[in-house]
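Next, two complexes with chain A in common: one pairs it with chain B, the other with chain C.
Right, the complex of A and B next:
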């Protein structure tokens, strides 16, 4: 780096800047005997002293706007600075598209910060539907670095509901799931899209294609918790159709036949039985083939056998599986 | 594996607040009120609250209150529902709720309820089920739940229920253990737990336990000590805590201690902080670890403090 570039980047104390010479900085008041006294770095301290002066004077000027940016760069979590920045933005009637660019920049290193997301939403709300594309791009960028980023997903859902942009969302979910089929956030978003998108037909209309998609995902990785829950969700409000859909029970049997990563397949089969599924001979055989010595009891019904197996293959949740067994209706 | 290094954690908390030149202190300045709640509640659970000067704390807390009745995260900070609850909880620890103008505080909180029953964090309007819990917990402690529309508050929370039995931050939001705690606790405090499918949610929650014994907050995420609180207290409130393996969880929390310098971190061998120290100790209390006071899963305050509020005097 050239020395004059270094020169430019060196922070100049506010007390030395001519444009701030009319302002008296206000020091932090931690009270007479501060419980939690904090020793601040001098440049941070001075910036906050000047911010306090502007805040107390309620000066909503462009130098105030710049000062909030400086304060935010020291501590982006300081929500009072963000509040004041919004007041200044409103007073100066600043082009909010520029503000979105500003947030883009600082979000790079501070994406887990609640204030940035809330500020972003406030700006986007003011810009209205014009902001939809930019907001979807922004969240996409954050998600490309962290595909399960809770704030980004929350913001993205808000954008879709408030500003629109549903066209490519199902494709986006597919893309993310191709990258990581275990991404629970992407599965959640997929459900969000198929149930709420004004461009699709709703859950009932989407069910068949979604079941195929989900079955494929499960067969690839039967140990993946998310698609099993998603599959169940596809039959929301219609448990009987879930029980009666042969695809579901056949899926369980296919996984069980492979004899690996079958915990969720077993628990799903258990749920089906508890909701009235009549087990086929094939189902009984495939479960019998799984049983380890010492876990089978003579004359156990299928559901009880499944509980026994689960207690042993998922021991950390043994108490849960024992409880499930205790809840099984037993024929007299 | 040794046990809980209580003395070390006490020293850690007492010194961290006084630490100078500390970058972490500097960037935590605006949420000092929550930091105080985490640190002081931990001290109380370890029976060491008397090492702190009550009057100093109370005076600082009250200096954080605004005209509107809400509290900021520190002196000079704007009011927010988060810090209003923390302030009320801190005062409750010291049995100093009587210094409050109850109407002033509760009117501030009640004023943040929106038409659909949800709550905003402050005047800027951010909505999140966290704020539903905070409002309900705060008003419940101050015996003023009747100031809000409880029915609408409950129906908003229910609208955030997902098919896996869990809850997100807003309707359609992914189920997350932190949000689940907030929703379950809010429903518990308003006598509305019957809206929850306890078996379904209980199973989702016990699926958070991973091989190491720790708990994660969502499927396929890493375990974190703070989930020892969010997941565990939720399980207790719906009466399903026996579905996790308690011994393995205790071991996980103890493994997250810094036995040399005190404090607890999110995962073994990571850096400690007050937040995780509180959640680790609170989690151990819920697991009935010896030597700790009992903690209330919904109010997140020691049980004796809650009893004092509702039955004392």
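Right, the complex of A and C next:
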């Protein structure tokens, strides 16, 4: 027998359950000729009819709690059911640790669902700082299956801010980046940690060590967009120090010298020039060495030359590079 | 020595292989077969859509709290295809959505469900798409306003529903509805800009909540909202542009986040950002001029001179330049949506429009009708709606103003592929938007 059939066999219609005999189910009022009508299966329809009954009656009992779980199993996206479940949990003063276990179970197959995460956040907030470890474990589990899970990362960030647990977070980012240096979510989390962790000194204090870390990542994979954006982010709020930091321009030149995967190196150099970097002769030479025939105009300044090259080596963004060229300071 | 490839690399190569296989096959075809393949399968899509409006199979019970969305995705797609539903069906849509309308304001995901900002947005947009007096007058604007007020948070953001989640999507759905219904006011707008600004990340895109990752869906929502509340100049537009420009891949379509996979729905969320930027070139230029290297002081647009709590130390006076409008005149919030589309476009869209259309037409169309995320995925109404919306924006992006029809070279495939024009802020078909705008113009 298929497991679905076994499930259906086990499901007893609510109308047959003695503990529900006092309740009159409330059918859905779709109106006479509804559009987008869903061909509900009988078990779904009946469950929702009974849910409507207790919702309208505002019955906050333990049978109501169980019914919300049944309704959720059919459609975990029904935010009204979740909303009511929270009212019932509060009214019955249920042990919320148990509720966390319940969410653990249904999250397995439904992790891409706003309602589950919102509910989790609500429970964790009520439990307070004691819940921190469990929440970090929970999100870690989800992330081990999908290291870029948006809701999981949002929830993890909320947990850190509201409940704490920052101690191992930078290490966790390092771990994820070791597994996949292209994981932009992990880079984003790293930024979150270095800027917001109460255990670290803040962006300015962390800048030097983070620049080293990022430069290493870039050199290993210059085609990886994440660390390039992260590098720029390390100087947020202080463009002058970004322009004046030799490490940045030297990094660009180093990548350009290798003559492969240099789109981000070029675009970073372009941005530096637009923000006032005075190019060295070395920079000019390196870029000149890249130029393909027909892409340069004699006497072009460096920024213009870079735009020309980018139009050719990054053609999907040709319109963008042409526009950047038109916006260069000298261009009128 | 090369290290083992990572999951990101492997997944990307798999998708690229599939997509390039399709492109290579296409390139080798004789001209006639090429034309056929690049044709928008209107009849198939319309059949898929109209069937969905009439009946959805049991598997759709997981969308039982999203039925106004299903209405909007389907009706908007049909409208983009330049087609109509029968008068009777239109009436049924209005009646059904009225069943979803809460007596205290707003629309829920189905009859009797709690009102929710996203389903309110979907219902209002669906009703505007249907158009006509009966449809538009069915919206109880006073009550919707009260619902929006109730969802408004002191931080400036909005909750999706009573005790619900707060994020940039909630801000967009609230502000969009208020704007299009002509009920936007200072109270609703208060501090929304601060919240969205705090969601622009170091990458340049916008996240769902402060600190989260820059994401195409939230970038569109945040960007559109800032325009609607007249605070778009507070965003680092050059940074946003740079981020979104790099979201278009070799496949031609857009990814939602850095180093993630292409998905046809981002044709609208990311492609839409370009449509918005096209009309903000004056502000963009102004921001670029502020890089001012010659003064020796580079003033930061996004993060410079941050006050200790991280908020922008910008003055909040109106300096939204629209065409020839005076920079410091007070702005009627409710006219922004209208003025935005009326002003002529003075710069081209800065992405590869042809490449996007190629991805949508060759990789996102399902043989049996409807559109999908990418090859190998199943079709659905959400992807149908947003692929077509992105396709429409792309086809119309060349046009200087709404009265000139796109030139043939703006439309990939036969000219019959041309879709109706959509409003880049609200994503409703422009003609329907104008009708609604006139209808709701009475206070």
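Observations on the model:
Operating definition for what follows: the second predicted complex is superposed on the first by the 316 of 332 C-alpha atoms of A that agree within 3 Å, B and C clash if a C-alpha of one lies under 4 Å from a C-alpha of the other, contacts with A are read in each partner's own complex, and residues count from 1 in each chain.
Operating definition for what follows: contacts are C-beta pairs under 8 Å (C-beta built on N, C-alpha and C of every residue); 3 or more make two chains touch, one makes a residue touch a chain.
Because the structure is predicted, anything quoted here is derived from the model rather than measured.
Three-chain overlay on chain A, with chain B and chain C in a clash. Of the two partner chains placed by superposition, chain B and chain C are both touched by A:75. Contacts of A:153 after superposition on the shared chain: both chain B and chain C are touched.
Applying the stated contact rule after C-alpha superposition, one finds that A:20 touches neither chain B nor chain C.
In the superposed pair of complexes, A:102 makes contact with neither chain B nor chain C. In the superposed model, A:243 makes contact with chain C only, not with chain B. Of the two partner chains, neither chain B nor chain C is touched by A:166.
In the superposed three-chain model, the partner touching more residues of chain A is C, compared with the other of chain B and chain C. Among the options 1-9, 145-153 or 289-297, the segment of chain C that ends up inside chain B in the superposed model is 145-153. Comparing the two complexes, residues 28-41, 44, 52, 74-75, 77-80, 83, 86, 114, 118, 121-122, 148, 150, 153-154, 157-158, 161, 182-185, 188, 191-192, 196, 224-226, 229, 232-233, 236, 315-320, 323 of chain A contact chain B in one case and chain C in the other. Here chain A touches chain B in the complex through residues 28-41, 44, 52, 74-75, 77-80, 83, 86, 114, 118, 121-122, 148, 150, 153-154, 157-158, 161, 182-185, 188-189, 191-192, 195-196, 224-226, 229, 232-233, 236, 315-320, 323, going by the rule given at the top. Contact residues of chain C toward chain A in the complex are 3, 6-9, 52-58, 60-67, 70-71, 74, 88-89, 92-93, 95-96, 98-99, 108-114, 116, 160-165, 201-204, 208-209, 211-215, 241-243, 245-246, 248-250, 252, 257-260, 285, 288, 291, 293-294, 296-298, 300, 302-306, 347-352, 355. Chain B meets chain A in the complex at residues 17-18, 20-22, 25-32, 35-36, 53, 56-57, 59-60, 63, 72-73, 75-78, 80, 121, 124-126, 162-164, 168-170, 172-176, 202-203, 206-207, 209, 211, 213, 218-221, 242-245, 248.
Chain contact summary for the complex, chain A toward chain C: residues 28-41, 44, 48, 52, 55-56, 74-80, 83, 86, 114, 117-118, 121-122, 147-148, 150, 153-154, 157-158, 161, 179-185, 188, 191-192, 196, 220, 224-226, 229-230, 232-233, 236-240, 243, 267, 274-276, 315-320, 323, 327, 329.
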